[in-house]
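Chain naming follows the written order as A, B, C and D, and within any one chain the residues start at number 1.
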Amino acid sequence: MKRKIMVVIINRANYARIKSVLIAIKNHKDLELRIVVGASMLLPRFGEAVNIMLKDGFVIDEEIRITLEGENPITMAKSTGIGLLELPTLLDNHRPDAVITIADRYETLATAVAASYMNIPLVHTQGGETSGSIDHNVRNAITKLAHIHLVTNAKCASRLKKMGENPKRIFITGCPSMDIASKVGSQPDSYIKDYIKNHNFPVDTNQPFLLVVQHPVTTEYQDASFQIGETMKALIKLKMPVIALYPNVDAGSYHMVKKIQHLGVEKLPLFYFYKNFPPEVFLALLKKCSCIVGNSSAGIRESSFYGTPSVTIGSRQRTRDRAGNVTEVGHSAGAIQKAIQKQLGHVRYSPSHLYGDGKAGKRIAEILSKCSLDIVK
Amino acid sequence: MKRKIMVVIINRANYARIKSVLIAIKNHKDLELRIVVGASMLLPRFGEAVNIMLKDGFVIDEEIRITLEGENPITMAKSTGIGLLELPTLLDNHRPDAVITIADRYETLATAVAASYMNIPLVHTQGGETSGSIDHNVRNAITKLAHIHLVTNAKCASRLKKMGENPKRIFITGCPSMDIASKVGSQPDSYIKDYIKNHNFPVDTNQPFLLVVQHPVTTEYQDASFQIGETMKALIKLKMPVIALYPNVDAGSYHMVKKIQHLGVEKLPLFYFYKNFPPEVFLALLKKCSCIVGNSSAGIRESSFYGTPSVTIGSRQRTRDRAGNVTEVGHSAGAIQKAIQKQLGHVRYSPSHLYGDGKAGKRIAEILSKCSLDIVK
Amino acid sequence: MKRKIMVVIINRANYARIKSVLIAIKNHKDLELRIVVGASMLLPRFGEAVNIMLKDGFVIDEEIRITLEGENPITMAKSTGIGLLELPTLLDNHRPDAVITIADRYETLATAVAASYMNIPLVHTQGGETSGSIDHNVRNAITKLAHIHLVTNAKCASRLKKMGENPKRIFITGCPSMDIASKVGSQPDSYIKDYIKNHNFPVDTNQPFLLVVQHPVTTEYQDASFQIGETMKALIKLKMPVIALYPNVDAGSYHMVKKIQHLGVEKLPLFYFYKNFPPEVFLALLKKCSCIVGNSSAGIRESSFYGTPSVTIGSRQRTRDRAGNVTEVGHSAGAIQKAIQKQLGHVRYSPSHLYGDGKAGKRIAEILSKCSLDIVK
Amino acid sequence: MKRKIMVVIINRANYARIKSVLIAIKNHKDLELRIVVGASMLLPRFGEAVNIMLKDGFVIDEEIRITLEGENPITMAKSTGIGLLELPTLLDNHRPDAVITIADRYETLATAVAASYMNIPLVHTQGGETSGSIDHNVRNAITKLAHIHLVTNAKCASRLKKMGENPKRIFITGCPSMDIASKVGSQPDSYIKDYIKNHNFPVDTNQPFLLVVQHPVTTEYQDASFQIGETMKALIKLKMPVIALYPNVDAGSYHMVKKIQHLGVEKLPLFYFYKNFPPEVFLALLKKCSCIVGNSSAGIRESSFYGTPSVTIGSRQRTRDRAGNVTEVGHSAGAIQKAIQKQLGHVRYSPSHLYGDGKAGKRIAEILSKCSLDIVK
């Protein structure tokens, strides 16, 4: 009998970091795929990222609507609660042999807790990585609930062992997003060309441009507006094309967007804001941009695969393992501007496999088809 | 300004293990106490344990009703979700300087997650202890969310350090339940005498008797009925007085109670079932009983303080650190009977301070009045 | 294409009052049946009434667990909220052509509100009936949300018209419970004989006995304990066999059960308490008993079909249309005792079709297969 | 002892329609005011309308966050459920003598159900009015739950009586929004001047302009985008200044906003979109505009007080009682354009007191201080 693997995807970044696994599970003779999509994946304000999955040919088995509007600490905590009211019903109806949860967000935590109390084996990706904000603690909490750990490298594996996880339950697979990264050629492929054509994409990606992704730091919720303001001021002075993603649905997002609007940045020439990109488009942009700026983990993880210069701002990625392409800087417009200018002057960094070699998807499907799924750790 | 400490108590066993801390916070000049009571503490079926707290003179600041009826894996997971819908409002209204959460239950986890996303420092007791069932994983998950760890002994402290917790945030205090344990004299004091008198307590506690506390094992949910059945059959054969507590509000409880009823145990002479005891009464019984039988952590933790012989059944307490007074046995009536008989023949074990020296309450209040409450670990 | 009819059943009394409709929908060539079962139907404490449905051969499509434990006004209101979190997902997944909701409970209201906002035609039974307690208001509120009204008699139809409901949407069908009532013979049939045999039923139903069903009155929540006490005292004095059902899962139930236990009634000879009966067994008992006592609507509705003497206590059924078999009495042991004695002395009342002629099921299926299901009233 | 009156305000339009009552309760010697604010009143996307209340000097006692993001039928139904999880706690903590709920939205219904099961007298405004969409049914359902009805005119009172409501519980008070309407002078007062000055209001309100408020019709959810498109096309052709409010947080809103953006209307000269106005500013605009266009009840209710020409589109206000100033039209750009042009050519209509005489606030406070608050209707 095939093992039924349920994957819960609740954030646009989740999708890029699990897509190759979805494909590999779908194609594996001993596995059966179930997809649950929820939270901001379903929200128009975040570009209804579920549509990208549908275009990619995936069947969505269940949708969960759990995002309490407000984007503050209270609504983040309560949305986790709503997730915990929704997920047990799905888990009970589908009775998967294992559930995959990705990374470190509150929606991820809801999946982990629901599977735990439902006695369903929990598979977690990105365990053992380190970062700032509440995400770091949540990632570790999920590790302690998870039964199978799919980690990016030996360093992460070793951290999990130190935390007391059974080595037999830890698998070094690399991050699945590197699978997509490895397939993005130096020239945009037809998928991306089509995307660009259909979306009247205004930036010539063969000319220098910046890619900007900055999220609020939950533990510094009060400073979100100030923080994005400093970044925007630095970018305005640099006078080069900027492709920016709006922030995640976290406490502080609204205040960031309001600040961006208040500074009038959206209407400036050279500035182009997006809600969302298909993974392949985002990675092509990351590959071709002159520098990635902000505090997304992509500025450390995926950028390392290409050696793209990165300016990482503030505490959100503090302590995250990095290759040589990253410069850290505080929340000051002047310092950010200087750091970007320095990176622009630097020669391209050499690519690194710190976060994966591009073959995670099949590896993971193979592991899931064979590993012990005992719920007693 | 006084630090406002909120304590969330959601289970009868919680109360015994925090009561001396509540008193010490209340009496500390630099601290202010806020008490939230919820879940089975408010349920008639579990003896409305909140009444014991009220009789003890505590003011209850907030009540939360989060127990979805059913006692199965789905309702446990969903009840955690309801807790996460209730707690953020309370935390926002009271804005405590720190929140204390106790041990390892699902209601405990709800408190931990709510405080985390609300950026309120989380204080956790019993971190670093080990056990079986889902409780073990949940305890560790809470550890990774907690900012201050109040642990029972050096072994627990060392485990937390290995898990990557900052030594400056770990305090060896002993378990507060030993504070109460240390005050229970060899003769019942007036509090207990009164209790016994008022409740027509039928057992002569100066004669040999057994104390039985057995809960379902969440990860072995399907076997709950069989497991309690074996224990009951063993007890019936022993023909000595049995004081038993009904199980916790966990997946499997209902099936246990049904089995007990089906076997007709409640109506047997010598068998006395209770929903609940005030901490002092429970500990007096634990001190005087010939042997504690079942899978409650009290059979390992508090029993060690007195050297009371203990027969611990099944996997629920597996790996929990223990003194010399514990015998482990599987779920087989014959084996359980034999193990109890052997313990009855044994001389009293020597008391141990493995779980605390009886001075935790004041120690903890002092720590809470002074420790750093930085939310960035 | 067949019309898909979803029926939401959330209470043991619901089942008796819809069973013949379920059968008729199942057998109708143009209809397809979907069954949702929830709330106390799934709770062991209420006899897991869902098992009776399974034995009757029905397939349960969805289960919802919505009962917040506590049985007080807060948990009733919140349980309605949990129902409203669960039901929209089911309605969205199944996309029924119409949803049937039964009578006047809080779980019923959750179904009505969910269907309304989901733009799914709502079919309501028992509209236009009158009673006391909050049930009366809730029944009318559901009427104002419902699109199709299946009423018991012309009086109810006329009340709905006065309330502004479109006569084309009102159908006089009789109550489906009379369909079962009409098939219960004067001698227990094999189904009931079997039931009695399997359950060691202790009462000789060919000798005089009383049938007692008393629920808390939500609007008189504080008096629940006193109210049941008076009834019990009256029954004790009468010294004849009593078959009693435990009360519904409403605010006040717990206090009623506690009072019953406090009075020691459960252990008295002649008193037999049950959680639940299959509809056929309950109706056979109602047919054969000397008198039905309490405040269940069965004491007015179904009893009229048989002409069974009824003593209806307190305000819960006040204003409900009745045949000649009902005596009303207040919450006083003496008055209740006298009223019962008087009814015992009375000759059998003549049967009435006030609540239906026993042919509702097929009539309703036929209506549902053809009526307009326009959601704009 | 003062009667404690709790008012639950969960929508920007709610505030205008209860503000004078809040003031009158606050100033009444026998009443005490409690204010709960929630749903879109707290959402940045809807202009955080709570800030207007704070500026007006009101103390907010409680905030509830209940809006599940998505703006579709599922999230509307589930948001009602979240409201039902939040409100009972507040009602239990404050124990008001009565709760006021306003009009006909899903958040309103949550208040009505919570108060009903908590046995707290429910006071409802706008009962007996008629309209299209689900609002009509919900308004009537609330009527059947409410204990005190504060209605706008004798017609409404008579409808409630026909529906079976007790005449002693029905009070004709007029709508409180007319109290504010009556105080808005022909010239903007300083409050409005200030508002205009602070907000760089771009329209000269002494020149002809249109006021546009169009919401989705829940029961025509699928057509929301088409419907607003037709209106916008008509407005574009008219080439006169348009002041428009974004739609309510209902199923379909997002698609309306997307359509507005897709048509590029927000960037057109002459078009000015707002999230929100203080009641006085909105009413001044309504008084001075050449015509109000859309499907807001303000286009029928408040507009009648001034005799402002109104073009009411589609089914949302169908059947609502109206004065002579209203023209109805379907969802067709051509028809809408013609209807507006015809209204622009019409002389000003004579004012009407159909919805109130401007003295509702004090009247209502007086009623609440004296009326019977018996919960048994």
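Odds and ends about this structure:
Just so we're on the same page, a residue touches a chain if its C-beta (ideal position, glycine included) is under 8 Å from a C-beta of that chain, and two chains touch if they have at least 3 such contacts.
What you are looking at is a predicted structure, and each value in this text was computed from that prediction instead of being measured.
When the partners of chain A are compared with those of chain B, the chains appearing in both lists are C, D. Contact count check for B-C and C-D (C-beta pairs in contact): higher for C-D. Our note on geometry: chain A versus chain C, Cα centroid distance of 52 Å, whole angstroms.
As a whole-number value, the distance joining the C-alpha centres of chain C and chain D reads 39 Å.
Taken residue by residue, chain D touches two or more other chains at 74, 78, 82, 85, 89, whereas all remaining positions touch fewer. Contact residues of chain B toward chain A in the complex are 73-74, 76-78, 80-85, 87-89, 92, 106, 109-110, 112-114, 116-119, 132, 134, 136-138, 140-145, 159, 162-164, 218-219, 221, 251, 315, 375-377.
Put simply, chain B touches chain D in their complex at residues 64, 82, 85-86, 89.
In the complex of the two chains, the chain C residues touching chain B come out as 42-45, 65-71, 74-75, 78, 82, 254, 258.
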